[in-house]
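Okay, so chain A shows up in both of these, paired with chain B first and chain C after.
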Partner chain A sequence: MPRFIHIASKDFRTLVRDKAAFLIMLGMPLVLIFILGSALGGVGESDTVDIPVGIVSVDTGDQGEQFAEAIADVEELQSVFNIELSDDVDDVRAKVERGDLTAALVIPAGFSDALAAGDPVELEVLQDPGAPLTAGIWAGVARAAAANLSGGQIVRMTVEGMRTEADIIEVPTGNQPTGPADMAFGAVKVTQLDVEPDKQVAMIDYYAAGQTGMFLLFGAMFGAFGFVKERREQTLARMLATPATKFDIVAGKSLGIFAVAACQFIVLYLGTRYLFGVDWGPTPGGIMLVGLAEGFAATGLAMTLSALGRTERAIGGIGPTVIMLFAALGGSMIPVETMPSWMAPLQSISPVYWAVGAFLDLMRGEAFSIILQPVAVLFGIGAVLFGFGLWRLRYE
Partner chain B sequence: MADIVTVTGLVKSFGDLTAVDHVSFSIAEGETFGLLGPNGAGKTTTISMISCLLEPTEGTIVVDGHSSHKEQTAVKRTLGVVPQEIALYPSLSAAENLAFWGRMYGLSGADLKKAVDEALDLAGLAERSKERVEKYSGGMKRRINIAAGILHRPKVLLMDEPTVGIDPQSRNHILETVKELNASGMTVLYTSHYMEEVEYLCDRIAIMDHGKIIAMGTLNELRDVVGGMDIVAVTVAGVSDAVVSAVEAIPGVDSVNRTEGTMEVLTPSSGSILGQLVATLESEGSHVTSVTVTEPNLESVFLHLTGKSLRD
Partner chain C sequence: MIRKILSIGWLNVQQMVRNPAELVGVLLLPVALTLVFGTAFGSGEERPLTIPVVDEDGTAYSAQVLDLLGEERSFELVDVDRAEAERRIRESENSLAIIVPEGFGEGVEAGDAQIQVMRDPTSEGGFAAMAVVEGIAVRMSANAAAANIPSFDRMGREAPFAERYGAADALWEPEPPVSVVGQTVVASEVRGDAEFASNNTQYSTGFTVMFIMFVTFGGASGILEEREQGTLRRLLITPNRKTVLITGKIFGIVITAVLQAAILVGIGALFFGVPWGKDPLVVGLLLLSYILSVTGLAILVSAVVRSRDQLSGLMPLLSVGLAMLGGSFWPLQIVSPAMQTIAKFTPTGWAMIGLTDVVARNQGIEAAALPALVMLGFAAVSMGIGAKLLKFE
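After this line comes the complex of A and B, so read on.
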């Protein structure tokens, strides 16, 4: 077996036995994903209070307004939601886009007339993709109200001037909900719409992608620590005094770092998936490819850090700074869409940006081909960092 | 015996500093050769060049017929290196460390297992081979450090101050190990600043100071350099420059070296100067608490040649 395999195997073993590295590379990301995902909209959200939502009625008849007020007056809903009533759909849509409202129910024009004529009525729920769970709950409220419309208080209200209960409530047997985003209840149909269609990822999913993207780079830091430690403790010199070549040493150490990054990624992928129910999307092969590509970039970064840092203390200063910068630019902390446009050129040098973007695309169900460019860029960044590190690396 | 290591005109400069200055020596096959000198004398730099870790500024090194410049891999296969630092992986066990270093020398399978077992036996640590090295005492680490250098049964073993900072028991174990290895036919290049170790182990000795070899030969040959002079070591308080001058003026005193609380006087006739030496010190206001006379040894050689102690 080639010597570099033995060196990689030794590095893998020593790093796995390093409790501090183990904690930072696996423990911290899992904890952060849970905390951020929970706090910002992923888990346990139904227990929160005062969630801002809206009901906008553009119906010119009475029924739309009555329907909106009937929902807003429900005490149980008032204890959870801060419900804003409006008749300006553009204003409400803008508030949802800004995140001022997490979701809004739209009662369309002609609602009263449609009810009077017995025609199907379509209600629309606008939702903030950044808070899909909250929006989902509000859509559920709309569905419940629609069900009531078919069999409850609204119907009774409408009976007086318009139709009989039997005329309206008739819900054909077997006409059951077909999915969360498109549910039919007899005459009334509720359609749940994203403000930006096809781009919704739960917060817990978002932070799983973001934190994984960031913490894979911390593996690079520990890899660089290993290199400098070998230099300091003279094991590197001892290795150079054996028939092992510099190629063996560089290849072995790089392979070791890459193997650690790959294992770290697999553990984070499986851990977030089975512990927190993170939905990594329907293309696990693509997710793995992105993870490995970022692992390669992390290996390149490790070589660069090894070359730049003379001591572990120096790497302990440079490493986290570079990684946090990459992470911030790359969307590990906040979505890149919220950053100013002048940051775009800076974002493109961050491996985290490409990795997180590719993860999120796959989570949204995009086709495998969409990750080919980010994967290529990640390998390119890795190759550049690796080349630079190799050029500047000191063995003594 | 033919020479297995030949060093000729070796120079290593780091900028303006010349760490090794035109050093030449040769080591016969089966010999234990000592490099003795204080810290900073150039011993480690010399060993680093022989083991191909440093490129010489000038000069040539030939090991078992291979040039260290042109045939590094062949030279490295011939050598076993025991560095001054404990160059092991603390989180790996002794057996794992030895297996790793054995693999670096190309050992595998049954040969590797046999080599590891033998090295553990030699280190006296077979019973604790599965413990992580970080749990070992300093002496045990040193023994594994040596074991890692001999796994592949090298023709030449380079040992750079292998007993630094360890307890007497482990030190004795290491010295006996070196004797054993040499008796089995291994050529040893041993560096130290402990003259007792070099005197005990080495067939021939080169004394280094400031990057140069200042004397070389067998122990007896080197003792002859000082012509049978003794070292009179005086433990004394309150030694001023004037006191040193007064002692140097005593007839029969060859040289004087002053360190913290002691004074070493090199003399061919210790018996005749002792009385005058103590009287001079007392009359100059110094307080003598003990006087020890040592027969000629490497310390006196070094003192004679450099005017300072090996441990200065």
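After this line comes the complex of A and C, so read on.
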């Protein structure tokens, strides 16, 4: 058996022997993926959110209350919002301040009178600064409702404008709307077209891909720890005294790290697939290839970390920094589509970005050929990191 | 005794400062991530929603639809054809596409026009945009309704539809008859009238909460390193009691975390205008309670694991996992009620609840008291158990 394989298998066995560490490394990412998948599974789906909002009417006439009730009765809104009707603006304002209500629409005093007189009306949406995202959605709802009122007002103004002119010109009778109050505007409708989307990636699938991409790199950190530990304990130096060449040592260590990464990947893949029903798409071979390519990049990263960090403590500082940056940029935490385009050059140096992107493409059912480029890039990143590590590596 | 505790703690800080790689982890990572994500997601307006639009009609009416859409500052329109729009939605590239089909202009006059919307059913981004499209449809419908009321000029001629439509449409500007203004309410002050409040506070508090946990775990792993190297055992030979030693170690971790917190708060306040400084005492109370609670967690975890390898495996998992559960990455309002309840079992969750109340909502001590108490309780329990279980050799 070549020496480097011997070294690799020894490294692998050392790690497996620490059962707790091994379990943590393999099993805990599964737990995290499960939590994230089930936690975020329902984001944006109406049956899982219930945003508390309010409508306050301090109007003395009856239009304000009618308007409030008309909004509160819309079924689509009820499924997303928990709408509280009130006539106490101070109370509601205090609730928004405390964050008990995310936002509240305020219908001002004199609302009915202003509508009747055709005067401009200003509605106000109080927004909780602690929840800008959801408060903004309610503000949008309020604006759509206000547009309806405005429409009624404009039709009324037109009719009234015509009446004043009617003093001079005779207007043909009939055809006149009876009043703007419950006018429905149907000339322009919004219709939804059904788009049969490509196979969608569910939240749990997304996080399975994202977290797998991240944790493979954390595996590399372990590899670097092992290397530095042996250097500190001088076992590396002793190995150099044996007939084993530097090549044997480096190749053996790297192979050991790669084997661990591959194992980790296979456990994550099988675990997410069979325990959580994650759908990795129709091309398991492609998924494997991407996983192995990232494992290679992780091995290169381990070499670079071992070269850069003199002590385990140092690697404990640099390692998570680099990995978390890679992971954050690569879409492990937040989908890359939501990131601005100027981040693209930063993303392209992250192995996580290429791996997660390729995983997601395959999950969506894309053809095998789509991953060739990411896989090549991953091997390239791995080779660069490996080369750098080799160049700067100290053995004692 | 206090002096001994202080000097052990100070030693820890010195060890960290002397180790450039560790400084990188404590300083560079949080600064880099906060800056990158702060700039990327900072304020809602800087990241417009890209909406593919298709104009198959080419009339003044279809142009109006696009004009009105273009007025939305949060939208960025791209002109495409129908096939491209469909592809973008199918491939989840954009969450919403808007199509003005051929015959739209005639439809407006005949009272039968359609704006077509293609929506990615899995995307959550479309809800707010749909409200805008509906608003445009209402405006145009109302104009059409007004234009359908026959009117005659002084000569007794019936004005053409387009002219009457234009007259009605003019009434929407500069402000429609019924308009909406947004107001962000902050306790004891009114802050501007921005339609959307900024997201910076969420990111700044979230990252601060997450990285503090990173640092405390890093500190705890320093204790394990000393145990592996046998220096902890040597400390036991000195005339110090174990409690003094442990308190000193904890103190060291807390100082590092406080430094870290100060840096993160500083970045948030200086670069992103997050109102951290409105109530420094209460913010300090919350951050310190949080630091103590995660230090306790770090001590507890390092007492339970056997090797530093195990801790290093657990660390990213615990810190990223707890940060996500606690609402560091996204606001808790958007997760399900069950997950909101789970957040209340994490120190990160309580820190986010307290900090959001105090920093974003400018509430005083009354909002911070409960979160601080819960975190201090958590700190006491976890430190107590952790210190008892921690083995020195």
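To be clear about the criterion, the second predicted complex is superposed on the first by the 235 of 396 C-alpha atoms of A that agree within 3 Å, B and C clash if a C-alpha of one lies under 4 Å from a C-alpha of the other, contacts with A are read in each partner's own complex, and residues count from 1 in each chain.
One rule holds in what follows: contacts are C-beta pairs under 8 Å (C-beta built on N, C-alpha and C of every residue); 3 or more make two chains touch, one makes a residue touch a chain.
Since this is a predicted model, take the numbers as computed values, not measurements.
Between chain B and chain C, C contacts the larger number of chain A residues. When both complexes are overlaid on chain A, the residue A:128 reaches chain C alone and has no touch with chain B. Looking at the shared chain after the overlay, A:18 reaches both chain B and chain C.
In the superposition on chain A, A:240 makes contact with chain B only, not with chain C.
Within the superposed three-chain model, A:323 lies in touch with chain C and out of touch with chain B [touch as defined at top]. In the superposed model, A:262 makes contact with neither chain B nor chain C.
In the superposition on chain A, A:221 makes contact with chain C only, not with chain B.
Where the contact sets of chain A with chain B and with chain C meet, they give residues 18. Interface of chain A with chain B (complex): residues 1, 3, 6, 10, 13-14, 17-18, 233-235, 237-245, 396. Across the interface of their complex, chain C is touched by residues 18, 20-21, 24-25, 28-29, 31-32, 35-36, 39-40, 42-45, 48-51, 80, 93, 96-99, 102, 105, 115, 118, 120-137, 139-144, 146-155, 157-159, 161-162, 165, 168-169, 171-172, 175-177, 183, 185-193, 195-198, 200, 214-215, 218, 221-222, 225, 308-318, 320-321, 323-325, 328-329, 333-334, 337-340, 343, 346, 364 of chain A. Considering their complex, residues 48, 51-54, 73, 76-77, 79, 81, 83, 85-89, 91-92, 96, 100-101, 103-106, 108, 148 of chain B touch chain A.
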